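Handing you this structure, nothing more for now.
Lettered A, B, C, D, E and F in written order, each chain numbered from 1.
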Amino acid sequence: MTIFIINPNSSQTVTDGIDAAVEPLRSQDGPAIACLSLPEGPPGIQSQRDVDGVIMPLLRKAAELEPEASAFVIACFSDPGLHALREQSARPVFGIAECGVLTAMTLGQRFGVLAILPTSIPRHLRYFGAMGVMQRLAGDLPIGLGVTELSDEDHTLSRMIAVGRTLKDDHGADVLLMGCAGMARFRAPLEEAVGVPVVEPTQAAAAMALGRARLARR
Amino acid sequence: MTIFIINPNSSQTVTDGIDAAVEPLRSQDGPAIACLSLPEGPPGIQSQRDVDGVIMPLLRKAAELEPEASAFVIACFSDPGLHALREQSARPVFGIAECGVLTAMTLGQRFGVLAILPTSIPRHLRYFGAMGVMQRLAGDLPIGLGVTELSDEDHTLSRMIAVGRTLKDDHGADVLLMGCAGMARFRAPLEEAVGVPVVEPTQAAAAMALGRARLARR
Amino acid sequence: MTIFIINPNSSQTVTDGIDAAVEPLRSQDGPAIACLSLPEGPPGIQSQRDVDGVIMPLLRKAAELEPEASAFVIACFSDPGLHALREQSARPVFGIAECGVLTAMTLGQRFGVLAILPTSIPRHLRYFGAMGVMQRLAGDLPIGLGVTELSDEDHTLSRMIAVGRTLKDDHGADVLLMGCAGMARFRAPLEEAVGVPVVEPTQAAAAMALGRARLARR
Amino acid sequence: MTIFIINPNSSQTVTDGIDAAVEPLRSQDGPAIACLSLPEGPPGIQSQRDVDGVIMPLLRKAAELEPEASAFVIACFSDPGLHALREQSARPVFGIAECGVLTAMTLGQRFGVLAILPTSIPRHLRYFGAMGVMQRLAGDLPIGLGVTELSDEDHTLSRMIAVGRTLKDDHGADVLLMGCAGMARFRAPLEEAVGVPVVEPTQAAAAMALGRARLARR
Amino acid sequence: MTIFIINPNSSQTVTDGIDAAVEPLRSQDGPAIACLSLPEGPPGIQSQRDVDGVIMPLLRKAAELEPEASAFVIACFSDPGLHALREQSARPVFGIAECGVLTAMTLGQRFGVLAILPTSIPRHLRYFGAMGVMQRLAGDLPIGLGVTELSDEDHTLSRMIAVGRTLKDDHGADVLLMGCAGMARFRAPLEEAVGVPVVEPTQAAAAMALGRARLARR
Amino acid sequence: MTIFIINPNSSQTVTDGIDAAVEPLRSQDGPAIACLSLPEGPPGIQSQRDVDGVIMPLLRKAAELEPEASAFVIACFSDPGLHALREQSARPVFGIAECGVLTAMTLGQRFGVLAILPTSIPRHLRYFGAMGVMQRLAGDLPIGLGVTELSDEDHTLSRMIAVGRTLKDDHGADVLLMGCAGMARFRAPLEEAVGVPVVEPTQAAAAMALGRARLARR
């Protein structure tokens, strides 16, 4: 049985970054962890329309994978289709935003979020409000780069460090949460530069999926 | 110019009920108010999948109507596509759940919601949480009937009255909000039977749309 | 039948500004909308004492108007006497602060308020707390001008723009709410200068009153 | 110097009950504690209009007393004029609802309130919301008796015990707060009957006023 | 390297139940998971004094284990010493209440808690408040049995089922959380009887610890 | 009978400062107020371990004092052992953080806290969350000095004034709360320099204890 991590955008680079990030969670006696892109998705999910538009293709893809699945992870920070997939599937389903936030709550009292774009932030706030965790939010600030622009690693990292420091110093964040699956490869240097724990949300979700999958074997 | 009220399910009965409910908002010097069904939608929107599945057809329909539109109202209590349509359109966009809640907040201190089905309730709670208004919620209880079952008027009304009384007497609601566009025709008898104001959410949204449309003329 | 918008201060300039602001809401087939000052009120309502002191005269004035009224709007951002008038009157009663906030909640995720004076702010915060909407507040900042000082239009507008930009850039507001009925004439230039929607609260309340009045005809 | 406890209704019976309740707070070396009724007030403060209507006379009375006052306590559970008197007076000002809630928060995790009438409850909820303490509220239930009806002691106490038990058993209250200054004499028997601490709000406010007055001497 | 799950009471039965519950989380390529009791602890942790009294012995035990530890789990639902151990240790530290709540938040919108005793509940509520998750709490009800009484399996299970059904039917819980490490063996039958997911908090914490430990290897 | 104010650190300087601060609360006809240090405590309570480590000695000391006690005050801003002592003792028990916050809530709408060290702040936030008062918090900022460093009075006061002004000007605090019992002697000059009321938390708690003790005599 396999934990399927579905990146609902079509960028293989993002999926490769995710695959590398979750490698330490693979073990000899399983479950397997497979990462895949959604070819129907846009190169990056940036607008509410992008979020809503990938739900139906994602549900179809998950339906195909259901027989082999022990769990699903939706690897986009807007958790598109999370509740619809929970309805559809008999397997545990995890969203990276939800798990990222919950994991950050074990590492600090106030979490700061690094969003890609300013327009992401009202969407995040609605989601944190729906989760009922606004009291734990220190701040949510954009780095001002779209998903595809994240491939310029030096520029991206320097923006993430600048925003991370603002979240820590001016907003009181004692843990940071990266607000995009495409930021996975920047976790370690960001943590080192800012000096507070940094949560990579796909790792957070995959770790919770791993536990749930193993416990369900019982 | 026209306020378009889009019922994202395919039930003409529901759309007819909406049309009657908003009739008093029409005036000689406009704007016009047009109510339409979404043929691609299911007969009733009951699951999260139903909600998510109507968003893309709804966005397409709204794009067609944009040139003639002065405002849009999305007439399903899950407000499907509300934020995506706000991105897409240059016109004001209203959701009936959002406007229903906001209007209820002018009529009582704690609003009680009549949901159709038990499975609607977690979806409502996520939405009220995203709106940041949970402190004003008295309770949200199902009448236990699907959208199409609402056509049995006597049974529906008696269930609505029973649930409305429970919300008032046991949960402290001093205003009720009907949690489905298909309940429009029961507003007056429900209000009379329970003895607290009852908000019909499509009326609430259409009223706010009317004001916004007129003010935008300026 | 008439919607009465009562400005509970004695400044005809403020009332004239309100009258102009709600003009687009008037329609051939009614209801009429009449704006009046309260001669017993102070020139501007700035202190808690001012707020509390106008309630009894306001209730008397509303009692006189009741037979011709289809709805009442209390046009002071502290909503003086809102709940007492709701007790007294058989008509719908709206406060501009309440309706301004609710309307802002349809236009952005975090609203920023422009107060007149620093001493207004704790009063606003108590009110937003009573409404249960603090989670949606980005910030509430004073422009530092009393009601009568608003007549210096250039100075007032430049202060409003400066404070509006701070609310947007530093506090994350994506919609602004003008915290005084006397600011009505600055809505359009403020919106243009800051680049986010600006809610004029008397318009917001009058729009909701218009809808309620028309729906009550039924 | 004297702590003035102003009962803003005109009922001497209520004032006498308050006077007896605060007797243990009087000490040889002061400050003196004087309790007075407000002749301009109604026999009982039950409606929002009653609340708003006593503010101006209360402010006038307090202005007269200011030279001799070391602190003021407003002894009505709606805290009429609390913030206006804080503006007006150079002395510390306490409201019995505010102090009653804060004191209850030192005695249990969830406080239950005994209101006089059902119409009191939305007013209480607005106030607790303004205070930002809704998370600590277990419930607020009416005993269904007006202020003057409290003089029937047996009936009142039996209603208070019944409602107190409901608050404890069904709503999880671990401390009770009496929601009317006229309930003072029922504190001890109610506490004994229900088995959780009961806060008499005028005692709570007078105790805080006593401390503030003594500390200000410094 | 080993994940140490420390049951801070001295009951080997409880520790054995935990050991069985986390068995599915063990894998060939580790990390090892070791469960131990705290001999200095009481037979059951039931009072605030019990909670506070085990912190120092727990910190000493953890200091001894630190060199071999990859993570710590504190297996008491009051999470005694959680933040002190986070200060002391260079390893990740998890509390079962914190992780139980966070895990429940991925399984339902409102979680219901089964406490052992009525006196546990204010302590739980303070903790959920500190976590900032009160909006997600449906209710917290006692089964009325002390830790050692849980050994009467039939009686315990029947009490748990009765309370679980009340949480679901009357309080709207759509996921249950067992509020004591000693309840581990009742998870499956409780879930089956009540018909909503049931979170066993030590499993929840051990699963999160497993993920964190594996990811830290990187 | 005596109100015992227990400073759970071992610093006699801090205890002397407390003793001076509560002097105005002593009256001829009692109760007596006695301040004592806890010799087993550290020189200053700065870490969570410090907090947790003083609970058992504090409980033992309080048990000794019980026969002579009319109330207890725990004079450390982390309120160590507050709920355990409430369990143990038949007397009223007050914590200075709890009472300091509640008292600040009578003096302003948003309180700002001056913490000693950055590491104090997450602990404070958990506590304010447990109290359910986060909505009233303007901000919590460290002065960056440990308890023993507070003896350098000039440096401490200048840091407190700088932080107090930031809390007022940038965070909107209209009342300040000193977050350490060792700051007592700086209350008056801080208040004068910043221009908003400043709460000394041991005074706040002792005042509430005095009232409770006198009322219990009845």
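The working rule: a residue touches a chain if its C-beta (ideal position, glycine included) is under 8 Å from a C-beta of that chain, and two chains touch if they have at least 3 such contacts.
Note that the structure is a prediction, hence the values are computed from the model and not measured.
Engineer: Spell out the chains that contact chain D while also contacting chain E.
Structural biologist: Where chain D and chain E share a partner, that partner set is B, F.
Engineer: Comparing C-D against A-F, which pair counts more contacting C-beta pairs?
Structural biologist: Pair with the higher count of C-beta contacts: C-D.
Engineer: Can you give the whole-Å distance between the Cα centres of chain A and chain D?
Structural biologist: 51
Engineer: Can you give the whole-Å distance between the Cα centres of chain C and chain F?
Structural biologist: Result: the chain centres lie 42 Å from each other.
Engineer: Which whole number of Å gives the spacing of the CA centres of chain B and chain C?
Structural biologist: Each chain's C-alpha centroid was found; their separation is 26 Å.
Engineer: Going by the contact rule already set, what residues in chain B reach two or more other chains?
Structural biologist: 122, 126, 129, 131-132, 134-135
Engineer: Pull out all the chain pairs that touch, please.
Structural biologist: The complete list of chain pairs in contact reads A-B, A-C, A-E, A-F, B-C, B-D, B-E, C-D, C-F, D-E, D-F, E-F.
Engineer: Which residues of chain C touch chain D in their complex?
Structural biologist: Of all residues in chain C, those touching chain D are 47-49, 51-53, 55-56, 59, 81, 83-84, 86-88, 122-123, 126-127, 129-132, 134.
Engineer: Give every residue of chain B touching chain C within the complex, in rising order.
Structural biologist: 23-25, 27-29, 94, 98-99, 102-103, 105-106, 131-136, 203-204, 206-208, 210-212, 214-215, 217-218
Engineer: Looking at the complex, which residues from chain B come into contact with chain D?
Structural biologist: 108-110, 135, 172, 174
Engineer: What does chain C use to touch chain F in their complex?
Structural biologist: Those in contact with chain F are residues 121-122, 125-126, 129, 134, 139.
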